Structures are given as structure tokens and as C-alpha cells.
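Dumping the structure here so I can ask a few things about it.
Order of writing sets the labels: A, B and C. Residues in every chain begin at 1.
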Amino acid sequence: MALLDDDRLFPLEPSARSLARALYATTRALPIVSPHGHTDPRWFAEDRNFPDPAQLLVVPDHYIFRMLVSQGISLDRLGIARRDGKPVETDGRKIWKLFAENYRLFRGTPTRLWLDHTFETLFGFDVPLSPETADMYYDRIAELLATEAYRPRALFERFNIEVIATTEGALDDLKWHRKIAKSGWKGRVVTTYRPDSVVDPEFEGFRENLDTFGELTGCDTGTWRGYLDAHRKRRAFFKKHGATASDHGHATADTANLSPKEAAALFARVRRKKVGADDARLFRAQMLTEMAKMSLDDGLVLQIHPGSWRNHSSVVHAGYGRDKGFDIPTRTDYVAALKPLLDAVGMEPALTIIVFTLDETAYSRELAPLAGVYPALKLGPAWWFFDSPAGMRRFRDLTTETAGFYNTVGFNDDTRAFPSIPARHDVARRVDAAFLAGLVREGQLREDEAFELATELAHTLAKKAYRL
Amino acid sequence: MALLDDDRLFPLEPSARSLARALYATTRALPIVSPHGHTDPRWFAEDRNFPDPAQLLVVPDHYIFRMLVSQGISLDRLGIARRDGKPVETDGRKIWKLFAENYRLFRGTPTRLWLDHTFETLFGFDVPLSPETADMYYDRIAELLATEAYRPRALFERFNIEVIATTEGALDDLKWHRKIAKSGWKGRVVTTYRPDSVVDPEFEGFRENLDTFGELTGCDTGTWRGYLDAHRKRRAFFKKHGATASDHGHATADTANLSPKEAAALFARVRRKKVGADDARLFRAQMLTEMAKMSLDDGLVLQIHPGSWRNHSSVVHAGYGRDKGFDIPTRTDYVAALKPLLDAVGMEPALTIIVFTLDETAYSRELAPLAGVYPALKLGPAWWFFDSPAGMRRFRDLTTETAGFYNTVGFNDDTRAFPSIPARHDVARRVDAAFLAGLVREGQLREDEAFELATELAHTLAKKAYRL
Amino acid sequence: MALLDDDRLFPLEPSARSLARALYATTRALPIVSPHGHTDPRWFAEDRNFPDPAQLLVVPDHYIFRMLVSQGISLDRLGIARRDGKPVETDGRKIWKLFAENYRLFRGTPTRLWLDHTFETLFGFDVPLSPETADMYYDRIAELLATEAYRPRALFERFNIEVIATTEGALDDLKWHRKIAKSGWKGRVVTTYRPDSVVDPEFEGFRENLDTFGELTGCDTGTWRGYLDAHRKRRAFFKKHGATASDHGHATADTANLSPKEAAALFARVRRKKVGADDARLFRAQMLTEMAKMSLDDGLVLQIHPGSWRNHSSVVHAGYGRDKGFDIPTRTDYVAALKPLLDAVGMEPALTIIVFTLDETAYSRELAPLAGVYPALKLGPAWWFFDSPAGMRRFRDLTTETAGFYNTVGFNDDTRAFPSIPARHDVARRVDAAFLAGLVREGQLREDEAFELATELAHTLAKKAYRL
């Protein structure tokens, strides 16, 4: 028995299925280009063995623990650290068994697909995870994780990763990237410039962060001009460590294009003291445009990831901190929000701005029409909750007719769950093969075009869009 | 010739179709659990024969008469009573023939599926309803309705209803439920606590309703404390008559969590005189949280049915009153709206809050992410206009990947059209069988899991979620 | 080799495919009814040969040049005239070759379907357009365009157009329509009353337009009464030249129903001087209701096309003017917006109001429920970006269950790209055949009904709704 169906995610109708299979056969072995994600560069720098199965696969994956929480299992029992320091479960085997007992909750979810893929292809299981097999699973995974073949660099190579981008804050010293570079290891791990902590006046410690930002760069971050220079220096520093992109996770997609004088005055206000929500929002908005203008000079790709209401539960935020599965998408406007940015730089063919959404209603109404006309704008792939078979199908269904394929940028895995990376890319390649096969069998595309597109969607477009 | 295709609503591809058929075969005969609806308890209390076919099937069903109205047929001709008392059509046969002449309007709608199901399985027809067969239909239905086998209790048993919930206002004396209980009949008919008339300051006669509320309970509904006590007493009274849930039909999903002092002051304002829209809205919002807190004590499930713009046509509302098919869905926010409630009680695993929507854009963007993390929150099934094959498919497509199956609660028929209940559950069971079969054939689920889920979706989840 | 698959856009499952084919066989040769579009009446009045291939097929089609622009090709190189008069590309062959080199961008878009249809059926090509075949294509198309058989009237007849509606502004003298009428040619080309320039206070030259409006009609457009009379006269004039409809392209769907006194005061304000956005919006809103009231008298069908943010790029608008592919859909509300209009005239069965949307979220939430109950309201077909296979499928999927088929109005091609008209209608007929075949094979519709509906959707409903 196998956990995985060889034809999973392909169309059911036989002629479309066989074409999808043929298309996928040409992409399944292509190297992985992972231009946006959250793996820890320290793994590759130190190349130490991963800890126990629960610590690798359950505790850090908010897709997993949020689903368990939704059914009444406490974060404590899942080993999530409390802010008040009170004890939480630390026994990996106990956490693993609790997870196994509730594995049924993941039926119909992408997490299930990723995990079964990992279980079968990485750890060699051929019986499903269940309360009965939980110990057997735990033992074998633990045993393998202790071996040399399961260290981060070995997995990187086994996963056939051509290049992976991590994401670091503007104040990061990039020491792990430096260590990787010095190590002589051939794996390509690049950073991404994520300046939220020095761009968002509502970020914890914003003003102190600006002080540090000044120290790091030798720029006077007390002035607008010096602050912009500090960004330029950090961007250059990040570029030196492989960065080809910046990333911005704002609550909205708002942009602004103030005059230098207005911008300087706004900066003076947000620099000085805690400011109101309007100024904070305007400053973030202005900074997207500033970043885009810097991109025109240094070539970094600008990524915008808007629309998540972070830490929605005050109770959980107070008790356990950020990133605990309580980030909820909100309605997001792009048409008005991006106009200042697009009026400023949208017609620049040398610039690449990649926009993501957690509001699928924007695909056909706003994002495809915008990306389908502005040279600088491209659509990021289905993101987060929509990094899933049905999510990806809706993305293609709702964007292709207006934006085509060439205003999209291939796949992002956007994950910190390292072992799931091959599974995630595999899902994307299968869903795209299925979509292309459907177009061919419906007479909307020729077969030769579908084969060309399959490779482009799986590999080429990501490399090109992210300049990797 | 039959009106019904045995394989209706199943996938077309043969291997998925045969699996859907097999899954459905295990659920088709399961008893009906109907945890939310609007049948009249008087029917089961008195067990009188239903009146003529038009009065049973056409006049009270706003799905039917709104479609006829949309094509220019007046409400008068359909026998809908006028507020000014002027005569309307009362000849059941005439109304029936008008309906039959226009039966084509229902092509492609769920009403057509439900009616054909009723015609074939309940009344034994094997030719379609049409102008030519209208009289024959009318005669046979009228004849059968006059028999003992077609009385409410006999139909209840024939429909294999395990339990059905009706909905009564907070001021209802539940006399029909009491009569049913005393009658010795075994059919399980439970009530649901629907306090809109004493919770919504904009409800007709709100202040007088509060007086009555006080009289009924012996509580001082002139004070906030007494008012809350009155709710507690009525909830207990409803529970005694089988209620396991309350239900709230607000225009928005707004919730609030005021301090007791603020809440008391707000109550004093809304109690005293006609208040502005903001206070009315805030009071409704606060009361959802109060109801949830009472649920923590008494175990009633909290249902929220927001987002309908009731009585959209002033002309029809003035001429014919409420519930005349002119209720139109509106854009509904949940992420900000539910936050006060979820901050207050969302992490309570002992509490069940079931949220519905008429805004399908909320499924993937808001509701699945919320239900996929908060232990207290569950998703009600596709509601009202979306209680339909395509509506249900979109519900599963848009919620499963994020919320899974176990944060949903099975099917609600939500109907006052008693004869349609088996048809509605049949549609839901078929659509779910089809969805599960698709997942299996696409390699996303094992067959044994699909069989387990089929029964859960058709029967178990509703019982469990509603504590029936 | 053929460019077109005979079974394109049909379901893949064989039994549904064969039924779709059979349904389509009954509609493919039906004459084209084109009740809303933007072809130039001058073509049919003068009946001159079309210019070169690029000027016919590329330069005027904003679907095409916006996609090329999105990939960094400048409007100049595509021959789009600049406002500053600086030279742009005028060599048709160069533009054509640029287009051919980038034809791959259209993979998966409706433009590709329309063009391949045109290439094969109108120009007889059997090899795909590519850089290699660009010259061959150009030569053959140029050669054919120079012949008598490819003049506008000959094409009109070859396309089997029963009637086509053009769209003219309220100040148009309709000279081309008059010339067509006098010419003795049998082709039926009717106009449509589009009064945006005298209804929208923010339209360029609004006040001067009102002066001209007065001169044209002999009415005193200095007064509200005279202004309304001017509309009545122009509507009568347009009706005399075949118009059966008016059309309104507002930014929102707002309507109002002011008292005559309020309306007169508002008119006095907007007539006198540049007014604020609120008054401008209210005036447009009021005018939709006024137009509907006039429709009750003169029988013109009222079309509302809301929700496009015109000329989104300030840069392109400044450089190249209107209609350059930078029109972006926005979120559009209908439930509150249409209420004043519907309260005023929504229950009139003699009135037809056809509403379109660029916000697909409104289909199931707002538009289908509204059209499914108000006798005056009908749903226009999938519009603009959604005039596409997947767009049409979503339209049917999201509207049919609530509004049925008979509250929809058949197909609109809405195009100025004359050669694409047969292709566009062909796509709609195929998608509808596929949708109906699916319903039949899923047991939701009988075959005889599907055949009846196929003809209605392809031909009858448009004629009836538009009174053609």
C-alpha cells in the first residue's frame, strides 16, 4: 500500500488525465526554485541534525497546530511556549501521539497532502499515520533524523533545490548567510530584505529600531534623507548576500506618493513619537513607493503581501505571542490602494512588483486587470490558505483569462516547514499540469504550448521574475 | 418515465460516479436530523390534514412565489394576502395552474429539484408538471392530502425524521410543543430560542415586548440585570421543551463586549425610548456576547444568521408585509465583527457558536480561517440561496482546505416547506457524496475515510454540533 | 491542421460532450442578435474596405494592446496615437510582426480564442500565427481586406447578423444611421441612447454639452423641466433610428429618487457651475431613475454598466487619452445602490432594466437575488473581462440557481472589434451548450428542456429582452 496516488490532483477524465501525466512527467524532476519563504538560514549554516519529529513537524507549523486548536486542543498540550513561562508539553512523543490521534482533522486539507508526501517520500512509510502507527512513525522518523542523510544540507540536495530565498529583517546581521557563503557548500541560499520593523511605525520598538538602523549603516536616521540612505545601504548589504527581492507584509495594500517635503515632514512626525493610525498607515504607504523607487536603481524585486489581520485573538496573543495561527485574511482593496505607486512607477518595464492576496475576490476584479496592463506589476501565486489544490485552481481560473500566464511568477512555497517544500512544489506542478491539460482538451491551447508552459510555470517564470 | 435520475448530482466521470453512488448508498436511508428550520409545531400538535396543494406547496414558499413575481406575476394572483385586506386569489386550483404554466422558470434551480423529488417520491408522479398535467397533479395531490397517511405526523415518520427543531420567539408560550409532549406521540420536535423581538431595539414593538418579557418571567426588565435574568429564565423554559440552541438573525455579524456598567447604561437608553441606529446596533452586538456567555452556563448552541437586508422593496413591504421574497443578501464582514465575541469566549472548547453567511466571499477569506482556529466557532452549511447543488459545492470547495470537515456541522434544511425536507437532505447527501468521491479519485482521501465522512456529514456532525 | 477544435469548450466527459455537441448543432447557425456593442455605424453607412490588418485587428482592440503593454511593449510601438502628437509607429506590418512575436502572451485568454476563430473562419488560415507566419498572415489578410467580399456590409451578411446595436452619445446626429436607412441596404443597424455626456456633471464639457443639448432639441436646458424634455426628445429621435435601449456607464450603481423639487434644485446646482463629487454622484443617481421613468413611457430598455475605474493610469491618460486598456473594475454595491430605483419602478412588469457587473462577487450575493424577485430587473451577461469561457461558466454557476435562466437576457458581444463578433457569439453558444449538457447529465434538467433553452439563450432571450 502507498500513501500517495501517482495520479493525484490530475483530472478524472482519461484523455485529460493522461495529458496531465505527460506534462507533469516533464516537470517533476526540475530543480526547485523557492524565491520566497521562511526557512531558517541557520539550518544550512550549522548543518546540525533536526530535533525530534514533533519539534520538526508539529510544533513550528501553524497550519497544523491551528487546526488542532480549532477542535479544542490547547496550545500548551502541543508544546507551544507560553509567555508567562509556565510549563507546556515538552515530550515529543506525547505531542506526536496527540497529533496522530487527530490526524483525521486534516482530511481534505493541503496539510494532509504535504504530510503524506513527506511521510512516504522522505521517511518511507506505506501505512497511514494513525493512533496505532503513531509510535512506529515516531521511532522511524526520530531514527532517520539522527542520520547524516537527514541533515539540512543533505535534505537541501536531496530535495533538488536550485536556490532558496529566506527572509530577514532589515536589522539582521545575516551571519548565517555569511557562514554559509564561507563554508564552501554549494547550496544557494539567498536572503530577502524585509524592513517591516523599520518601515511600520506601529511595529514593536519602531523608534529604537531606527536608532539601531542608523548605527548599523552609519546614516543619520533622524532625518528623512539619512533614513532613506540607510535603506539603500542595507539593501546593498542584502544584495551582497544574494538578495534579489524585498518583501513587505502590511495590513493593507495602501501606497502613497508624497512630495519629498511632505514625506520628510511625515517622517519627522513618526520618528519623534508614537503617532496616530493615519500617519502610521500613510508612512507605510509612502515607504512602498520609496522601496519601488530604490528598486529602479538596485534591481531588487518588490513583493507586497497585504491583507492579514495578525494575532486576531487578543487572548492567544497575550498568552503565546505572535504567529500562533490566529492571522485572519481581510477584505483588501488594490485598485485605489496601488494607484499612487502605479502612477509613480507602474509603467517602468525594468521594475518588477509582485503582489499577493488573501482576498480571492480581488483576483478577477482587481489583480488580473491591473497585472494585465501595468508593465511593472506581476501576480504572486495563490498564497497561504490558498496554497492548496482548490486554491491554485481558483487562482488560474480567475486570473488567466485576463492576465494570461506571463504576468504570473510561478510558485512560492512561502514556508518555514522545510520538509514540506518538495510536497508543496509537487502540488503546484500537478495542479498546473492538470489546468493546462484541461485547456488543451477543451481546445483552448495546443499540446506543444502546454508543454512549454508546464516548464515555465514550474521553473522558468520564478527564476525570471525574481531574477535568480 | 421517472422525474428523477437515480444518479443525479453525482460526478459524470464513471469511476467517481460509481464511488459517489456507493457512498450515497450508505447515507440515503439515514434518519433526518434537522437542527434548524421553520416548520410549524402546530402541525405536529394538531395533526390535521394539510389544505389544498397550492396552500401547501406554492403560497407559503417564498422561493417559489418570488420567482413567479420576478417574471411579472402579481402576488395577488398567487394568493398572497394583502395588508389592506383587498381580495386576492383564493382558488387553489387557479393558483396551481398559474404555477404549472410557469414551472419552466425553475429550470436549473434547487426548487425544481425539491419539487420533482416531492412529486415523484411523495405523490407518485411520473410525468412532469406542465400546463397539460396541472389538473391531474392537483387532483391527485388534493386527494392524497386528505388521507390519514399524509397528515403531519405520518409524514414526519415517513420522512424518517429523527429530530426536527422549530424556531420560536422569546415570547412564545410553546403551547404546541407542550401539546406534542403531552400527546404521547414519539416524534421528536424541539424548539429553538429566537429572541430577536426582545434583543433588537429596532424590532416592531420592542419596548412593549420587553414589558411582556418581564411579565412572562417575573423579572424586572426595566433593569439590565433583570433583563438578563429574563433571558436566562426563558432559555431554561425553552430548554425544557427540547431546545438545544438559540438563533439570531441580525443584519450584520457585529458583536461587542462592553463592561457591565456600559452595557447597563446602553440598556437603559434602548429601554427608555426609540434610539438611534448606532445604539440599536451596539445593543444587538452586545447581546450576542451575552447570549454566548449564557450558553457557557446552559449549554445552548449559539447560531448567528447575519447579512440579510429584509423587506428590500418598500412597496411590497407596505402592501404585503414581511417575508415576501424580498430579502436580499449583503456584503458581510466577520473578522472585525466577531472579534469582541471571540476575544470574550472564542477559546472556550465547551461553547459552540455556529455562523452562517449569505456572502460567499467570506467562506475562504474569513469564515474558514476563523473556524479553522477558534475552538468555539463552527461553520453552518450553505444557507438559503446557497442551499443548492452549486451552492453546496462552492461551500465545500471554499472551506474544506482551511477549516476541514470537522469544523462544519452537517446540513440544515432551514425550511418551512415541510414536504421538501427529504428532498433537501437528499440533495445535501448527494452533493457531499460527490465531493468526497472526487477527493478520493483525485488522490486526496482514502476510500475508507470517505465512507466514514459520508455518514458524519449526513448525520453525526449535526447531532454532535447541536447536541441533539 | 486546423486552428480550431470542433469540440472546443465542451465538457470532457463523453456523454456530456456529445449532448453539448447536439445542443450546439441547433444554435450554431442561428442569426446573431447583438443588442449591445460599439461597432462604428460609419462602416455600414460608407461600406468602405477596412484598412490594413494591424489597423483592423490590433491597434483599436484594447484587449490586445493592454496585454502587450503589460509585458513592457510601449503604446508607441503599437501605433497608439499620442496626445502630444509625437510620432508613433504607423507601419502596419511592423505592428503586426510585433504582435505575432508576442502572440504567446494570449495563451489561455479569450482573445486567443476569438483571434484563432477569425483567422481560420474569416481568413482561412490553418497554421498558427507566429513570428514565422507573420508575413504570410499579413499578406493574406491585407489582400482579402481589399476585396469586395470583406467590406463591412458583406461581412455583416456573412456573419449572419440579424440586428446589431451601436451606441451613440446623446448629442450625436445619427447621420450614419440615417445614411444606412436611406441606402436601401437591408442590414439592421440600430442605435442606443447613451447620454453620459449630458447626465454626468463630471463629464468633460458637461455644461457646454447641456447648451448643445438645448440647441439640438429646442428645449430650455437651463431648467430641470426643459432638461428632462430634451431627453424625451432625444430618446424619441434615437427611437426613430431604431433604438430600443438606453445605456449608462456610471462609476457606481447608485440611484436616487428625489422629489421633483429636490431634483430641480440639484439640477440648478450642477447646471450652474462645477459641483462637488457628492452632488455629481447624486445627480447621476437621480438620472438613472428619471431615465427609468421615461422608459415606462417610451419603452426603451434601461442598461446600467457600472463599476469601471476609467483611465486608472494618470500617466497613460495624460499621454494617450481615454480607453487605452487602463480601465479597472472596482467593488460594486447593488443592494443599497439600486433600492431607490427599485422602490420607484422595480415592480413594473412593463419595464426592463438590465444590470451588468465587473464585480463577480455580486452575482450570487446581490444580483441574482434582486433579479430573482423584481419584475423590472434582468441580468446582463458576463461582461468585459468576464466575456470569456470561465467568466461565462461562473456567471451561470453563480446566478442560475437563484435567478433561473429567464431573468437573464442572452449574450452581448459589447465589442468594437467587428471581425470578432461571430467568434464571441460562438463562445457563448458553446459555453451555454456545455452548461446545459452538464445539467442534463447531472439529472437537473431534461433533454427536451435543454434544447429549448439552448435556442432561447442563443437567440430568443436577447430579442425579447431588448425588444428587437
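Methods note: a contact is a pair of C-beta atoms (placed from the backbone, for glycine too) under 8 Å apart; a residue touches a chain by one contact, two chains touch by 3 or more.
The model shown is predicted, which means the values in this text are computed figures rather than measured ones.
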| item | value |
| --- | --- |
| Degree value of the rotation bringing subunit A onto subunit B, based on Cα positions, nearest 5 | 120 |
| Copies subunit C and subunit A - interface residue numbers shared by over half, same or different | different |
| Distance between chain centroids, defined by C-alpha means - subunit A, subunit C (Å) | 40 |
| Junction residues of subunit A, two or more chains touched | 13, 361 |
| Complex contacts: residues of subunit B adjacent to subunit C | 4-10, 12-13, 66-67, 69-72, 104-110, 112-113, 128, 309, 312-316, 325-331, 358-361, 385-386, 388-391, 394 |
| Residue ranges of subunit C in contact with subunit B within the complex | 11, 13, 15-16, 333, 335-336, 339, 342-343, 346-347, 349, 361, 364-366, 368-375, 377, 397-398, 400-407, 438-439, 441-446, 449, 453 |
